[in-house]
Structure formats: structure tokens, C-alpha cells
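Please read the structure below before turning to the comments.
Chains: A, B and C, in written order; residue numbering restarts at 1 for each.
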Amino acid sequence: MDWAFMQRVIPMYAAAVILTLQLVIVGIVLATITGLAISVIRYKKIFLLSPLSAAYVQLFRNTPLLVQLFFLYFGLPKLGIHISSEACAIIGLTLLGGSYMAEAFRAGLNSISPSQIESAQALGFSPIQTLRYIVIPQALAVSIPPLCANVIFLIKETSVFSVVALADLIYVAKDLIGLYYKTDEALLLLVAAYLIILLPISLAAAVLERRIRYAGFGNSRTL
Amino acid sequence: MEQEILLKIEHLQKTYDNHTVLKDISMEIKKGEVIVIVGPSGCGKSTFLRCINGLEKINHGAVYFKNNCISDESLPHSLICQQIGMVFQSYELFNHLTVMDNITLAALQVQRRKKSEVQQTARKLLTRIGLADKENFYPRQLSGGQKQRIAMIRALILNPEIMLFDEVTASLDPEMVREVLDVIIGLVRQGMTMLIVTHEMSFARAIADRIFFFDNGEIVEENTPEQFFTQPSTTRAKQFLNSFEFNSVK
Amino acid sequence: MQDLGIRVLFDGENGVRLLLGLVVTLKLSIITIIASCLLGTLMGLLMTLRNPIIHIVTRVYLEFIRIMPQLVLLFVTYFGLTRAVGINLSGFTAAVIVFILWGTAEMGDLVRSAFISIPKDQYESGTALGFSKLQLYRFIILPQALRQIIPPAMNLATRMIMTTSLVVLIGVVEMLKTGQQIIEANRYTAPSAALWIYGTIFFLYFFSCWPLTILAQHLEKKWEK
């Protein structure tokens, strides 16, 4: 191992980590908003929008992000639509993530029995109040584990961003292997960088999930 | 003195697809009356209660509350529900809220009452049903009987004029039935107007002013409890009551 | 200009070549899915044993494989293993290794959680009825476990098919690579080919995965009751 070399290239990896995190945060926020909107549309069975949303979810859950990005980045310009690398990455992540987030929220919404909603109605709650005070808080508890899984999944998916000419971790690693033949060093740093991003998030997700499962609604004084 | 008529149901009819659940139900309930509805499973008695407070749309007929029609959707559903309380067989407490929040949420959000007053009332009601120490518990930590009693005061705190009870003891263990029925008996003493669907025959006999026997979506017999349980006037009621009797098999 | 692009698909053997690329994609998927099912079941059963060493080893393996992006695993295997062991792995072989390692881990976890989720009284009442251990598994435990495993295992299979798209980045000639080659070859005669080729690949992936997803949803709903 060439430790001096590794030290020299660490800033390149750091820059790639920061780029990845910036894109991923924007992407996940937009994906969550998209997913929530889609799941409410489907839950409320809104005319026309509901089947369209279902089609969107199926389309993006059943195609790889890599192919979506190729289409956005290389295909669309032929129609005169030019999208920057960063925008491509964010759009791709939002569309893919939206379809996954929608399913996570849907699982939560579907876990609320119709009789819970009826009993809220019988107490005089309006539909909006029922959603706000009864449905959403309970649905969220069910949705959080799949939402966490989606966040981790989406971060992992960002590893293909190099194909839209973004200097992400894979791009840096590939570059170093190609230019200097420092394969071991480049790969070690690659693995380490992803561990630094993903380990804390996946540990936090595990803790959150455990708290919801064991401490939710009454088995503990906290929450 | 003739008591005011609180609830009037005229020729109520309810169909699901092609299946008629309620055929032609008419009924008048005076203020302070306790009406008990009995009948075999699937006779439409639960649907009847749900039609009254607007959880189900009716196909024909009308429901009047204090001479105002409440079945034509001219009044907001939320307003009707504050007047007509309902308790379900499966309690349906909100699992994410403490006992106190379960009881007070509708009073605070729907009726916009003051928090201090609502909480005080809630504590008073909790004390009355003997669960004063449970206000910070979550539904998961309670027994079925406790949950059902809390579901009752959750409806009562809105100060309804009439209460509908839909088989409130049907999913309880036998030893918990009594504690729930005792709450209803307390309400009888206070003069609450009630419409009760139940399978507890001796309870029905003890508290009812009038008994309605439903079968196949229609009122087969209306009677005083004494008459109904000792000499019912219809064969169908007789057969129904017989199904609760056991003769020695040895 | 637009119709020039779509013509590329039907020009000469382009369409056939793209489909041959799909065959490579599906071949890789099928080999690794079958191997993962077999090895994953074995690993899942191992994980249900209450052996602390097996528990720790399988857990570390599972968590590491899960936390790493599949592309990183492909890079490490393709570039790293080649150097470390001194053998020259083809991209396809590296991909087979990575997908089997990943599929086995995910499948193992599915199998494990299915078996531990079967309530204890199912075992007890089966034993109380006089079933032998073998009969107990054959008639009572296995049918219930399979119902829990099959729908998510099918979802895993679709994820594996989609993830095979990554192998283009370690130089395997499959559908995407073939597409790129066609686009390159027709760069001047059909500049808009990229739109049509990538659009076609998008839908070829969709129609490879979607039936599986639908079937999994159907089975899940059917067995829920």
C-alpha cells in the first residue's frame, strides 16, 4: 500500500463524497415529496391522477436508474431537451426515489383500518382532521422502516452518477486506477468512503426502527 | 307530560348493490328513552345505527333529529356526530394517542373547547369509570374492557344528546362485560337517551323501555321488555329467544 | 431527423443485436438468481441455528454486502481480485461472483426471517398431533415459510435483473453496451439514435421485470389471507 499516495488523493475522495451528499440530499427530499403526493393521490383515489400515478410507480420501480440516466442524459438532448449532469442526477434520483417512497407511504396508509377512520368520523372529525390527527401519525410509524431502507437504497444507487459525467466516488476511483495503476489504494479508499457515508445512516436507521418496533405507543415512557 | 321526540326515523331503507339490508324501518325515540334492538347476526341492526349517524348513506326514507332532517346531507356530518355519539364493537381507540389525548382530541379540535376545561371534564369522567390512574397510558397497555369504557367517555365528553351503542360487549372476555355494562347503567340513571344493539339478553331486559326485534332487515316485533321476554307475540321472536336457552341433556 | 433515429432499430441486424444483448443480461440474471436461491436457502437455514460463531460470521457478511453499492462490489472484484489473486477475471465472471454473493446474502435474510416468524405454537401443535420432525416441516412449516419467502424473493429477482445493467461499467458487452455500439456506428447517419435505442432498452428492462413484480404482488395478496 502506498500510504503517501493515499494521503495525497484523499481530498479528491472528500470532494466526491460532498458532491454525492449534496445531490443525494436534494434528491431524497424531492423524492419524499413526490412519493407522499403520489401516495395521497392513490389513497384518495383521485380521478385520472390515481391510475397515472400507479403507472408511474410501476414504470420506475421496474427499470434501472442507470438506464433512466442514459435516456435523460443522452436520449433527451436529441429532442432538443438539454439537461445538465447535476440536474440529470437529481431528476433521475427523484423519479426513481419517488416511486419507492410512494410504496412506503402507501403501506402505511393501507395499514389504517377503515373502522379507525369511521370512529374518527363518528366523533365529528372532518376528512382533513381525520388525515391530520388520526391517519398520518399512525401511518408514519408503519412507513418509517421502509422509508429508511429507501434512503439507504437511494444513496447506494448514486454510485452510477459517473455515467452522466459527475466526479463521484466511482469516477475518482476509476480515474486513479486508469492513470496511476494504484488499484488497491483506489479501491480501499472507495470502500472506506462509502462506509463513511452509509454506516452512520444505516446504524441510525436500525436504532430508529428498533425504537418504533419496541417502544412505539406505550411500551415505554419515551418516544 | 309528553316527552319531546328526539329522534324520528321514517321508512328508512338501505341497500347494498342488489341486497336490501333494511327494508322499511320507522321508529320514534323520546328524550330519555332507552331502546334496545335485538336480533340474529346479519339482521341489519348495526347498519341501522350507522345509518342514523350518517356513516352509511340511506337509499330511502329520512332521519330527523329534533325535527331537523339529518339524512339529506344539508347539515355537516361533523355537527350531527357531536349530537349523536356512537361506540363501536371494536373500541377503535387511536393507538398513537394516550388515554387522555384519545378522550380530549375531538373536544379540542372539533368543538374547539378550552384545554383546561376539557381535561378537567375528562378526569372527572375517568374517575367515574374508575380509570383515573390510566390517563397517560396508551391503548396497547389496557384490557378490552378498559378500552371500551374509555371509548364510551371519548364519545360522552362531546355532550351528545343521544348515544348509540353497537354491540359494545361482543368482543370482550366474559369477566369484562359487566364493567362495561355498568357504565351504561350509570347513563340510564342519568336519563341519557340511548339506542343499544346487544346480545346480552338479561341486560336488555333490565334496562330497556322498549325492545325492538329485528330480523331480515325489518322490525318484526316491538314490545315492552317484560312482554317480549315472557310472552313474545311473534313466532320468529320466540325462536330467537329459544336459541339462548339450554335444556338438560342428561 | 426523428424517423432516421427510429430506423436505426430496424436497420440491418441492429434489432437482433439489441435482443442478443438482452439475452446476455438475462443469462447473467438467471444464473445468479438460481445460484442465489440455492445458496441463500442454505445460508438462511444456517442463520436459524443458534450458533454464535455462525451468527456473527453470517451477520457481518450480510451487513457488509448490503451496505456496499453493488457497483463498488463489482469494481472491487473486477479490478481488485484480478490483481490480488493474479488471475484475469472476465467482466462477466466478476459479475457472476458479485451477484451471487449479494443474492445469497439477501435471500439468506429472507429465508431466516420467514422461518423465525412462524409462531412457536405451529411447531407445538404439529408435534402434539403426532407428526414426526420431518412431517412437521414437510406439511406444516415449509408451506407457510414458502408463502412468506416467494413474493419477496421474486422482488429480489427483479432487483437483480435491474442491477445487471451495472455490468456495462466493467466492460461486459450486454444490452446497454450493444446499444452504445449501435449509436456510435450510426453517429452520422442517425444522430437521434440515442433517444430511440435508450428508450427501447428502458422498455426492454421494464418488460423483463414488470411481469415478475405483478406476479409477486398477486401472490402476496392471495397468501395474505
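List of remarks:
In this section, a residue touches a chain if its C-beta (ideal position, glycine included) is under 8 Å from a C-beta of that chain, and two chains touch if they have at least 3 such contacts.
Nothing here was measured: the structure is a model prediction, and the numbers come from that model.
Ranked by C-beta contact pairs, the top pair of chains is A-C.
With centres taken as mean C-alpha coordinates, the chain found closest to the middle of all protein C-alpha atoms is A. The chain with its C-alpha centre at the largest distance from the centre of subunit B is C.
Between the CA-based centres of subunit B and subunit C the separation comes to 55 Å, rounded to the whole angstrom. Separation between the centroids of subunit A and subunit C, computed from CA atoms only, is 20 Å.
A separation of 47 Å divides the Cα centre of subunit A from that of subunit B. In subunit B, no residue touches at least two other chains. Counting partner chains per residue, subunit C has no residue touching two or more of them. Residue positions of subunit A touching 2 or more other chains: there are none.
Those residues of subunit A whose C-beta lies close enough to touch subunit C in the complex are 58-59, 61-64, 66-68, 70-71, 74-79, 152, 156-160, 162-163, 169-170, 173-174, 177, 183-184, 186-187, 190-191, 194-195, 198-199, 202.
Only residues 5, 63, 67-72, 75-76, 79-80, 83-84, 158, 162-163, 165-166, 168-169, 176, 183, 191-199, 201-202, 205-206, 209-210, 213 of subunit C touch subunit A when the two sit together in their complex.
Residues 115-116, 118-126, 129, 133-134, 137-138, 141, 217-219 of subunit A touch subunit B in their complex.
Subunit B makes touch with subunit A in their complex at residues 53, 55, 77-79, 81-82, 85-86, 88, 90, 92, 94-96, 105-106, 109-111, 137-141, 151, 154-155, 158.
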